[in-house]
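This structure is in structure tokens; I'll ask about it shortly.
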Amino acid sequence: MSWDYFLNHSPALIIVIPLLAAFATPLIGRFSRKAMYIWITASLALTEIFSIILLYGVHTGGTMVYVMGANPYNLSVPPDSGGIPVRIILTVDSFGAFMAFTASTVALAGGIYSIACEHSQTGQEKYYALLLLMLVGMLGMVLTGDLFNFFVFLEINSLASAALVSYRIDKGVAVEAAFKYAIISSIGALAFLFGVGILYGEYDALNMAMIAQRMKFTDLDKIVMALFTVTLAMKAGAIPMHYWVPDGYGKAPGGISAMLVTASQASLYGVFRVSFTVFGLSANTLTLGWFLIILGVLSMFVGVTMALIQHDIKRLMAYHAISQTGYMLLGVGVGLATLGTAAFNQYGLAAMEGGIFHIINHAMYKGLLFLTAGAVIYRVGTSDLNKMGGLAHGMKYTTIFFMIGALSIAGIPPFNGFASKLLIYESVYQFNPLLSIIAMIVSILTLASFVKVFHSAFMGPKIYDVKEVPKSMLIGMCILTFFIILFGLFPNIAMTYLVGPAAKALANPLEYIARVLGGGA
Amino acid sequence: MLLNLPFITVVIIMALGLYAMLFKRNLIKIVIGLSLIESGVNLFLVSLGYRNGGIAPIYTNAPSTNMVLPTPQALTLTSIVIGVATTAMLLSFCMVIYRHYGTLDSRKVRRLRE
Amino acid sequence: MRNALLAISLIAIFAFFLYVAVNPGDFGGNTGDHLIFGEPRYSDMDDYFIHNGQNQTGANNIVTSIVFDYRGFDTLGEASVLFTAVLGVGVALRLLRRDKNDE
Amino acid sequence: MSKIVRTQASFLYTFILIFGFYIVAHGHLTPGGGFQGGAVIATGIALVVVAYKFDEIKRRIKKTSLTAAEGIGLLSFIIAGISGIGVSFFYNWLANSGLLFGESVPYGINPGYLNTAGTLPIMNLAVGIEVLGGLGVIVLYMLHFVKGGEGNAA
């Protein structure tokens, strides 16, 4: 039970701990509600600690490989198998560890926030078990190196998300949103499974590295590539398939809306992982990159224009989430389009860093904004902006948190949104000036939209006699605000330890493959 | 051509499921369509592993050792259980929607946009 | 109009996949790079399971040895999916008021 | 339902239960396993639900016990996985060890020995209990919602 032991087994433990906690939650919740809250908070905090251990391990030792059920734990290729991996391999590179850190941070904030926010609801032990399972789904998606395993965790994630969206039955409206979400994500997952089946039939492998090595890029593989990118982009909420996003985000409880953002980003991780690691070596990355860029630009523009006309605070934020997803697709898409050319080192890598940095920034500030929206709804009881007003008189801290989030999403300098958006603008400008200008215009429109929200919800005469929200909700918001300000004031910390290694790991599929297929210790 | 008969069946089943999902207005029929697509995918997975003349990969009193590929069967098993779980949850959503709306017609289940 | 578009796209997808299923070899001219029923092209991973599964796990049923040993993590996920669905059904169908007679 | 159906249901229920547990216990030797056996047993529960009146079902099958079965099954499954973490997660440390289910099996075609396969039969049993609890409780949730739901109108 030494430090090395924990470090070596951390890829498995980070998934097992919340899973075990989720299984035990209904049993504990039956005895005492207070014990359940402590149990949930402790397991979420432990998961967060393990995600930091993963970051440390990846930073010191490079890509970590963990083979389920092998002896020893890192024997990815058994000596008598002729060089093929046979078991499920968790492959944690910098990008995966980065995503795991993002997911567990937002889950910690959302979990603590929910303690007060869902206080009066029935069935809370189910709520928290589902929250933990949703986190497990995200962690499994970002840490696994096996395509079928990815599918299984995708299903855990989408079923748990759908159930949580339906949690406030809300006269059936929330259930309608959940039904829509569940149908869309099941179709997506089935199409993904169909693609996995084709790849299995062609190459008799399910491991991403093995498939990438055997990849001949036949015409069937092109179908698979289309299936993978389209379905995962659908789950991530990119434009042509975005209809579920405002409904799902809008009807979910506050803490869950924040976690749904990270769930979408886990799907986005899937898009990037599949297009870089599985198809990156053989496919024409210029075409694939431009596909992502076009998706991104469309998402940015349509999302923000739809957001301008909304008068429901959460639907408005949901359309902004679509629009911000566009920035990530744009940044990483430029990186993919230039992969392998001289331009990659000039500005492609910087664009990818911008896109990846935007993932964590977006998770933090959009999570914070959803939490403040939940706090407003918690006190006022409506989500209609036209009926709100003057909330700043009673809810000082919430107002401050909302301002931080709004300034950050608009890319105003002292906050983290500025750091990543600047990287994207600068590098994309060298790739194609028009795209960069669109991105800036979208940013201005975002600011305009949030000024409107701020004005109609928090400013003006006092209409409601509201108090500040309970402490646990404030703590949840505080956690996310801490990271927003930290990454805003010192972007170098994030760039050196989180984002830079993640972008390099993603752009280097050969190293990933060598690490997995290189055999055991 | 007849060699690929299972794959053709897969395509037909999935097309039927897609038809049900796109053109039927009843929410339960949409769920049935989803289940059909899922059956198509499961049939596809299991037929990928077939080897001509192979038997089930179980050694207990087996007549020969020419066995079909076992992995697709394991994958199909997993995928079936996942499908059962999805279907159960979607049907329970349908029940709640019916309780509150009094209808399952997808043209009338539209209170989200109001 | 919308229905017509949907129908056309459905028929197009159906025809395309049917064509791929019937003539996998002709598709794109890459003969040899396609799926044929009954003749998998690679089978090294599965042959490893068939030859070593019995020794390594002691189970006669190779499918069980894959489900619970080689790919046991998938099965854990699958059990969690069922657990999630039960919780989801419970959340959707729960009583919204506290009720002493519940359970 | 009529008395004939009820008598037949309680008669068949035993056989379904036995058959389900047979499938679960022989999962590592014959076709079947935890999921299939658990599903068979859950069909038995569904049969009882179809045959009897709601009040009687409420008395005979408790949601709490099925949920507890599900939780216990899942916990023992994941603990069986964790028990191998001295080497790696899901490591089959009982196989060929001479301990419980630890006999080594003769290579090739054989008539099948129950005391083999290490942690696999334990996991099969755990999953069987989980699936019977899970599927059974889904059926019961739906029944309770349909039959006794004026509390849900809120």
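Each chain carries a letter (A, B, C and D) given by its place in the written order, and its residues are counted from 1.
In this text, contacts are C-beta pairs under 8 Å (C-beta built on N, C-alpha and C of every residue); 3 or more make two chains touch, one makes a residue touch a chain.
All of these numbers come straight from a predicted model, not from anything done at the bench.
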Shared chain contacts [chain B and chain D, defined touch]: A, C
Result of counting contacting C-beta pairs for A-D and A-B, higher pair: A-B
Rounded Å distance between chain A and chain B, as computed from the means of their C-alpha atoms: 28
Cα-centroid distance, chain A relative to chain D, in whole angstrom: 35
Where chain A and chain C are represented by their mean Cα positions, the distance between them in whole Å: 24
Distance from the mean Cα position of chain C to that of chain B, given in whole angstrom: 9
Overlap residues in chain C, where contacts from two or more other chains coincide: 24, 35, 40, 43, 45-46, 49, 54, 60-61, 63, 67, 69, 71-78, 80-85, 88-90, 92-97
Overlap residues in chain D, where contacts from two or more other chains coincide: 29-31, 33, 35, 67, 74, 78, 81, 89-90, 92, 108, 110, 112, 131, 135, 138, 141-142, 145, 152
Chain A, residues touching no fewer than two other chains: 19, 23, 26, 68-69, 148, 152, 155, 159, 162-163, 166, 169, 175, 178, 201, 204
Graph class of chain-chain contacts, one of line, ring, star, complete, other: complete
Contact footprint of chain B on chain A as seen in their complex: 148, 152, 155, 159, 162-163, 166, 169, 171-173, 175-180, 182-183, 186-187, 190, 193-194, 197, 200-201, 204, 206, 247, 250-251
Chain C partner contacts - residues on chain A that touch it in the complex: 19, 22-23, 26, 68-69, 78, 80-82, 84, 86-88, 122-123, 126-127, 129-130, 133, 136, 140, 148-149, 152-153, 155-156, 159-160, 162-164, 166-167, 169, 175, 178, 198, 201-205, 214, 216, 218-220, 223
Chain C residues touching chain B - in the complex, by the definition given at the top: 3, 6-7, 10, 13-14, 17-18, 21-24, 35-40, 43, 45-46, 49-50, 53-54, 60-63, 66-67, 71, 74-75, 77-78, 81-82, 84-85, 88-89, 92-93
Chain A residues touching chain D - in the complex, by the definition given at the top: 9, 12, 16, 19-20, 23-24, 26-27, 66-73, 169
Contact set on chain C toward chain D in their complex: 54-61, 63-65, 67-69, 72-73, 75-76, 78-80, 82-83, 85-86, 89-90, 93-97, 99, 103
